[in-house]
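Please see the structure below; I have some questions.
Chain nomenclature is as follows: A, B, C and D, assigned in order of appearance, with residue numbering initiated at 1 for each chain independently.
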Amino acid sequence: MSFWEYANPRRFMAFTDRVMGPAFVLAAVALSVGLVWGFFFTPNDFRQGSTVKIIYLHVPSAFMAINIWVMMLVTSLVWLIRRHHVSALAAKAAAPVGVTMTLIALMTGAIWGQPMWGTFWAWDPRLTSFLILFLFYLGYMALWSAIEDPDTAADLTSVLCLVGSVFAFLSRYAVNFWNQGLHQGASLSMDAEENISDVFWFPLLVCLAGFFFLFLALVLMRTRTEIRKRRAHAITLRERAA
Amino acid sequence: MKGLLIRDLRLAIRAGGGFGLALAFFLIVVILVPFGVGPSQGVLAPIAPGVLWLGALLACLLSLDRIFATDFEDGSLEFLATAPVPLEGVVAVKALAHWVTTGLPLTLAAPLFGVFLNLPAGGFGWLVASLALGTPALSMIGAFGAALTVGLKRGGLLLSLLVLPLYIPTLIFGADTVRRGVDGLDAGTPLILMTGITFGTVALLPFAGAAALRVNLR
Amino acid sequence: MPDLGTYAVEVSLAYGVSLLLLVAIVALSVAQARRTKRLLDEAEARWKK
Amino acid sequence: MMEVLLRVADLVCARGGLTVLEGVSFEVSSGSALVLRGPNGSGKTTLLRTLAGLQPAVAGKIFGTDDAVAYAGHADGLKGTLSVVENLTFWGGLFGFGDIAEALEAFHLNDLAARPAQSLSAGQKRRLGLARMLVTGRPIWLLDEPTVSLDAASVELFGQAVRRHLEGGGVAVIATHIDLGIDADVLDLSTFRASTPQGGVFDEAFE
């Protein structure tokens, strides 16, 4: 039973029936343990004070925001090459979750940087690239909703996702180039996790797992919803045709 | 293919709107800025490169949704699809026709508009160079966006939402080239990076655009 | 409660809004799932008749 | 035996994700025409667009249509601001087929030659749209309701043009309800209606 067997909606629904429940439970456990551990049981940073606690939200959501787009890119490729409907619907289902993660990353990043920059938004290159990613998510979701025929929508959004990924990547480095001119990089750069001592590191890993399982559970549920929508759509088509 | 270009240019001239529209819009945007930010040279000069580039970018965006829409509505696109001409070529020629009717006039008129914004002397040469090498990318990306949204209701609005984020790298490097030119710094690096993006889009996007057209013609 | 010091407002704001967004996306997904399932069951019932 | 220019083997066509025609098979040899009949929505346009390559077939094979097809849909593909001659010259040039005199003559468009297309009547525009077929030099004509908004005289003109095309060894597949005065075998599409129109993958119930 090759992996591609799950591309058949019926098998996918049966398989995810068993997986979705545990995924939600794992997400809930990991998230609560990670956040509580990080929020209550880790010391404040001597330089940043308690704002360091924001990494437990910012780093996982930023990580997920980027990787959900990569997942959408892969599923779009799978749709274009092997024409598996479930793959295209998974991409459509993942977009709102990706947009939420990007919003969380933006919001927590702005709050985290505020004490250091003096303002909530100082066009830091990393945060700005998340703002650009947010725009790409918006465009992607808008294109899905603008097209009636499901297959046409899947094809066009896949092409947009491919092209968009290249430009998102270009923007990521263009922003670095553009911001050097304004002021030297933030003293505490966003990728603070390199220089984090172990006491912060473990809760962060648990939070990361929590965010991942939450994404997994949400995208499985939303994909099932999309499959059901397509199924109902197919039935109404046949009723009209009969 | 040459015939298609000549036909599109002739249509643009006959319609009268082609050349003038984008230029008029660009002029209006540039003139409005001082009313918004105040006339003092100290304010205008530093933002002149960015405003000129933004004006050119928005002027390009304005005429994008007409690239395929008229041909789609009157059935020419279907006939083109069955003609012995590659659809990728059609997308490239349409982008070229759009560039000739909008990108090129904007590039030539930009220095004049730069005067309105007190653009320092050092910037004029770089402004024309960056626009000349950047606007083809704007037309090509725009043609791809137009191919994606041809035939959709309210396609024009969706087109700008899809295309503007794709314009960001070109805008950043283009405006930065002019800014560095004004400050006397080395403006070659951003110019080369932007030109690289332009060559990349002109080489690859016709294929994505043609794929989108085939889907929309179904 | 941990001593959040001078940035108590910021940290709690960050946590509050983030959790709000997470709850929102989960609630939205669950609501959509239920509504679609109901619509599908109705459609299937109609179709089987 | 006349050479078969167009052959279709158990073709399956879909529209908007729903299968409309299945098991369509026919052959059209050079010099003959095929008229498609069937109620509205029976898939005439879908079949023609699939033959023209504008739409991928769900299944089945089509032989003889690469670079050999000229498809005239409901729209005439004319640019209003260009004159009759300019429109025809453009399409002729694109298909690499020089002279447009024959097309102008065939549809009595000579006296309208210099007029911009937008000033023509619906019937004249339709004649110009059909004149384009002559300019493509393509052997297989696919025509979808060609005689819409044509008066009797123009229908006769169109019939002559098609007859001349067939005598020249060409082939025509025409979806129409009226008699064009050419002997053509008829294909009734209702016999190929998809029995259970499946929506494809999303068809089996899985609750």
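Keep this in mind: a residue touches a chain if its C-beta (ideal position, glycine included) is under 8 Å from a C-beta of that chain, and two chains touch if they have at least 3 such contacts.
Predicted model, so just to flag it, every value in this text is computed and none were measured.
The interface with the greater number of C-beta contacts, when A-B is set against A-C, is A-C. A comparison of C-alpha centroids places B closest to the centre of the full protein.
A straight line joining the Cα centres of chain A and chain B is 31 Å long. Chain D has its Cα centroid 53 Å from the Cα centroid of chain C.
In this assembly, the C-alpha centroid of chain B lies 41 Å from the C-alpha centroid of chain C.
If each chain is reduced to the centroid of its CA atoms, chain A and chain C end up 15 Å from each other.
For chain C, the set of residues that touch two or more other chains comprises 40, 44, 47. For chain D, residues touching at least two other chains, in rising order: 205. The set of chain B residues touching two or more other chains comprises 218.
The touching residues of chain A, counted against chain C in their complex, run 31, 35, 39-40, 44, 48-51, 53-54, 57-58, 61, 96-97, 100, 103-104, 107-108, 111-112, 114-115, 214, 218, 221-222, 224-225, 228-229, 231-232, 235-236, 238-239. Within the complex formed with chain D, the residues of chain A that make contact are 8-10, 13-14, 85, 149-151, 227, 230-231, 233-235, 237-238, 241-242.
Only residues 16-18, 197, 199-206 of chain D touch chain A when the two sit together in their complex. On the side of chain D, the complex with chain B involves touching residues 52-56, 67, 69-71, 73-79, 81-82, 86, 90-91, 93-96, 132, 136. On chain C, the positions that touch chain A within their shared complex are 1-8, 10-11, 13-15, 17-18, 21-22, 24-26, 28-30, 32-33, 36-37, 39-40, 43-44, 46-47.
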